[in-house]
Amino acid sequence: MAGTGFGLIGTGFMGRAHAIALASVAAVFDDIEAPRAACIADADEESAARAARALRFERACGDWRALVADSAVDVVDVCTPNHLHYEMALAALEAGKHVFCEKPLALTVAEAERLARAAQSAGVVHGVGLNYTTNPMIRTAREIVTSGEIGEVLHFSGRYFEDYMASPEAPFTWRCERRLAGSGALADLGSHLINMMHYLVGRPRVLAADTSTAIRERRRPDGVMQVVENEDVARAFIELESGVPATLEISRIATGRKCGLAFDLFGTRGALRFDQERMNELELFTGGEAPGRAGYRTLLAGPAHGDYARFCPAPGHGLGINDLKVIEMHDFIRAVERGERFYPDFDEGLAVQRVMQAIEDAAAEHCRVTLDWTAETS
Amino acid sequence: MAGTGFGLIGTGFMGRAHAIALASVAAVFDDIEAPRAACIADADEESAARAARALRFERACGDWRALVADSAVDVVDVCTPNHLHYEMALAALEAGKHVFCEKPLALTVAEAERLARAAQSAGVVHGVGLNYTTNPMIRTAREIVTSGEIGEVLHFSGRYFEDYMASPEAPFTWRCERRLAGSGALADLGSHLINMMHYLVGRPRVLAADTSTAIRERRRPDGVMQVVENEDVARAFIELESGVPATLEISRIATGRKCGLAFDLFGTRGALRFDQERMNELELFTGGEAPGRAGYRTLLAGPAHGDYARFCPAPGHGLGINDLKVIEMHDFIRAVERGERFYPDFDEGLAVQRVMQAIEDAAAEHCRVTLDWTAETS
Amino acid sequence: MAGTGFGLIGTGFMGRAHAIALASVAAVFDDIEAPRAACIADADEESAARAARALRFERACGDWRALVADSAVDVVDVCTPNHLHYEMALAALEAGKHVFCEKPLALTVAEAERLARAAQSAGVVHGVGLNYTTNPMIRTAREIVTSGEIGEVLHFSGRYFEDYMASPEAPFTWRCERRLAGSGALADLGSHLINMMHYLVGRPRVLAADTSTAIRERRRPDGVMQVVENEDVARAFIELESGVPATLEISRIATGRKCGLAFDLFGTRGALRFDQERMNELELFTGGEAPGRAGYRTLLAGPAHGDYARFCPAPGHGLGINDLKVIEMHDFIRAVERGERFYPDFDEGLAVQRVMQAIEDAAAEHCRVTLDWTAETS
Amino acid sequence: MAGTGFGLIGTGFMGRAHAIALASVAAVFDDIEAPRAACIADADEESAARAARALRFERACGDWRALVADSAVDVVDVCTPNHLHYEMALAALEAGKHVFCEKPLALTVAEAERLARAAQSAGVVHGVGLNYTTNPMIRTAREIVTSGEIGEVLHFSGRYFEDYMASPEAPFTWRCERRLAGSGALADLGSHLINMMHYLVGRPRVLAADTSTAIRERRRPDGVMQVVENEDVARAFIELESGVPATLEISRIATGRKCGLAFDLFGTRGALRFDQERMNELELFTGGEAPGRAGYRTLLAGPAHGDYARFCPAPGHGLGINDLKVIEMHDFIRAVERGERFYPDFDEGLAVQRVMQAIEDAAAEHCRVTLDWTAETS
């Protein structure tokens, strides 16, 4: 049987990460057929051809619509800038393809809703690239939370700090424009943190929020100063559906932080602490120890955690970010092969988008926003 | 010349810490006269006498009013539970004594205002025990911020996490009662964090906030369950007078955290990171390094930082929490000897109380609260 | 042009890691042709066929000699247990193949010498799997040392602590037998640490050493206790050719350590600190900072370090152990394509073996052993 | 009853630390009488008088022999440079005084032996200032080792790294001269590390060692270069009396390290890790956890550890180096009051000196040295 055929649109950071994962996933996981790197599309024929050679794809297209139409393509894998996700994913669904789309799923709730509905109608497998939850240590964290090892959840405090826009000299780019990027730090970073919260402790019932743009103007490549249209910092106080308080704080101007997706999760009998910059470590505190013997312990990634053993039989040797993409790719291919659902899917992509929108609304109106999840498809 | 005479009210945790500082301050700092441990007061004669013997005070009183009246007492040092601060500090001011009062200064803004006015009228030295800012590493942090070493401040994110009420089995105590404690985590922990923010980045102009009580009832010693009257968790989004965003998150149910007063402070050219559980370390990030050579560095406390050299000439040997009380005591005695102001004084105590009140108001009304500092005495 | 054809012998931990690297190397690095997974050999036809399916090899052999003879195989990649390295690598060299051999190169200096000579005569590319030095942070460490950023080297202190034999209940395996494993912790772990020392600070001139076996007998699968024939702990004091002191400490009974290859490297103007358990971090201390501003800083892996940018354009996202194998594989393929030397090659494999032997000799005789490198081929 | 009268000789770093401890010890510990700061001696009357005022001593002497003769002095506390310890401690013992002497006890084994014998004959209380073992976390470490919580001890690996001589520009001082300092890093730092090893895992039976002087000449204040007479780096491989291997590595040229007294202690069922630069933390690994739940945990100093509760009832607030001197002072005063032995006493001071000598001998002769403890007095 031939493996799943991938059609990759986009050859930037994420496109390359997907191509690397595609190449190695079947050597890592033996429970799937080796996928085929069927087609890759880029802005024009030449750059697509160059990418096909570099990333070992069978075919190159200068037009993404040709890729969507290609019968060798089973999965359309959307790795383009944010504002193109909607149109491409929709076209792929309409062509009856399975769709994997990088985050954020769309620029607006309306777009995300339409995609989620279309995905449901199409009856295909759909997924969003919120890959941090594939980390074996995060899967372990979920296991610890859901099994009750740390008791009832009392409080979730999450942060995502990066510094890619911290310098006032960082130029004005598409990321600063509403029309192309949607929100700012919220879309880039917040989407991951919201998904992490959903995955570990559930969805918001009500929230208050605040956004701010510290560096109001940035210089365009042509030297002109232009007003930044979206936020540098976003913050939300959340009451989860469970009643538990959650805090989100997100910044793209956090000088010195490179991938600071971090959280504290406090329970009645224990706690967890995590920082993506040390993605192979999960800190666990458990009560009930002898006096003077309690403390946060560092669980170092090993074969007992999630899919780590697929990569390495020895503990402590460390996975990297691209390995998380391999796990994600594996889970998606397995879902396609077995006709199962994939998580996080477009419904989760929509849920994340709705929380992002609620944060923007609450911040704009200085009021609390209530989220109603009863109409959800899932 | 005889040293400054101290009258200490209260013999608990803080009372003992003050007594220890009183005993050693003049051996550490040679620029003040050795203070006298003139009088100690406790609930009754017997326990006061026992404390006087243990803590080496010259005289013991079963009645704090006698201590206030004692002519050997120059400074009344209030180390009692929160609800007694107001009455005692006021009586001491009215008796013309210098007053040092443990935090929080009072239970309400009205009380704090009256104390701040009385202190001003009395023309004495006044201080509040917000001791974390005496830490040599915090003084270094302030130096770094004010000198511009990390550029313009962009964002302050502060947390104070402890777990003394994290267990649902932790009993109902005076700390759970409005009448005796005022607010909950906010008064115990938040007061320190607010002072830290003031000290490093300034005062709030407007804020939104949220409080929650995760464990709604606790068992009294007599076995009856009683409703907890104040918050376990408090959070605030702040816009500072400078326009910079600040976030505060405070919890007394943060399982596994023992003294987690921590912050990130991001500037345009660098950043600081601190956690009181590692009080001898300050992390500093500076931009402008060669490619691949930038990173958070750990400044380990040493003679180049604040008053460290008074305690030890060698770096890296470590100060402890009681050393911070020694610095505080020294600064207060020096202010008394020289007739200077002490920081943090009752004005700062009042400012902290006003921010605490604004947080409670904003949380209760789900609205933003604006603070007006123009009428301030200082 | 067809890519380099790999013949992989061995399908365990290392075999799988090589297969994963082989699959993804050309998607990561675009300066080489995609290699071919030409042939895989295992103990019998059936397990080889199973491995070929799982790891996507074109052909399977039940006999490794057939693989060596296969004209589609350009590189023989030896991933078998230690005692088989010699025979296989030698046969491959005699067949004129390029050879990559996992560490340790051989069981004895005599074997390693014969291999190094045969490799030189064969005029092929040869390499040993001492992969920790491919880490972008280690390449950065070398850059820092050789550029003089930390001044003259004063002292190297290295450790490699793991706990795979720490439990007295850990069974007797081939690793405990001289005939099959050679030395114990020294071969498994010490070989990496010695190579790290060579790479960063050079070779030993004279050394004293000590080995000990803490758990003298272990239980065989058949229940019989058997005497362990090699060491649990090895230690050496070294004077390097440069005159600088170096210390090595190696243990396979270091309870709680999973991949504790760590070192301190002190120079006259700075220092480095590294621990493989946090392989994405390198700590750098530099003198010459303003008073109170010096400290170890954590360089977090990013595009400025070694080959990191090939994997990810964003800093702080983290590489994993398998990525190090990808770099190693790339460097080897590039050497094959260009007819260049690869490092670490069989000469380095021999040099490591000679240091291991010197440590064993010095420990056995309780005397200092002098190493003479003048006769070296390289 | 009047408290124990202290006569302090020496007003440098250690003298001041003792004076601070003397002032506060009775406020911290209520089971002893408050000691009296009876007399302080310095090189001349004037500087002694100045020190007496600063450090609040009752009397000042320009001649230490007058202090020894002073009937108000019960304890002679020797805080002078190393080469004066012997003469002063001996005179004090001959005068029938209790003696506390800073480390190292003496410059040679012969001197230390004579002091240990004199102390025994005098029937007084005697102690050596090896204060790191008073740390509540070290006392907890000992508890964990002796109770068997981590099983049988397998391996001790200790280091003491500081950088006070790391710069080639650091001048020639008395510390570089045999006659005044005895050995170099070994006396300054090694004495502490040896005592730590004795305290936690016992005494050496046989050892090999190596010393080296990286910076061979240093500049005197008068500008002349002078040959350094003692070692910058010392290392020893030890077989303990229990048969367990121990490693010591000591350096005064460890750039960037300020107080790096650190160890790993591995047992069959767990392990400990400690670094004095984070003196309020002890890392504990315990086996027997559920799969994926084992890891080093950080015990943060609190009331459950050693004497911490005397200083603070709340965990995580941190002790400092001077608090360790307070514990040491308390233990010594209590021993004097009760006529009990103090640990570490002159016998331990001698034992440390003997190990230091064995290290020097083994290093000079490049041979193993066996230590015989059977003739010991204790």
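Labels A, B, C and D are assigned to the chains in the order they are written; within every chain, residues are numbered from 1.
Just so it is clear, a residue touches a chain if its C-beta (ideal position, glycine included) is under 8 Å from a C-beta of that chain, and two chains touch if they have at least 3 such contacts.
Please read all numbers here as calculations on a predicted model, not as lab measurements.
Could you run down the chains that neighbour chain A and chain B together?
Chains touching both chain A and chain B: C, D.
Quick check for the class: compute each chain's Cα centroid; which one is farthest from the centroid of chain B?
C
Which whole number of Å gives the spacing of the CA centres of chain C and chain D?
Taking the mean C-alpha position of each chain, the two centres sit 41 Å apart.
Give, as an integer number of Å, the spacing between the C-alpha centres of chain C and chain A.
The computed centroid separation for chain A versus chain C comes out at 35 Å.
When the centre of a chain is set as the mean of its C-alpha atoms, what distance in Å lies between chain A and chain D?
Comparing mean C-alpha positions, chain D is 54 Å from chain A.
Among the residues of chain A, pick out those that touch two or more other chains and give their numbers.
Only 257, 294-296, 300, 302 qualify.
Inside the complex, what are the residues of chain A that reach chain B?
Residues in contact with chain B: 150, 154-155, 157, 159, 161, 163, 166-168, 208-210, 212, 214-215, 232-233, 235, 237, 239, 244-245, 247, 249, 251, 253-257, 264, 266-271, 285, 287, 294-296, 366-368.
Would you tell me which residues of chain B are touching chain D in their complex?
It is residues 13, 16-17, 19-20, 22-24, 26-28, 30, 34, 53-56, 162, 164, 257-260, 276-280, 300, 302, 311-323 of chain B that touch chain D.
Note which residues of chain C are touching chain B in the complex, please.
That would be residues 140, 284, 291-300, 302, 304-305 of chain C.
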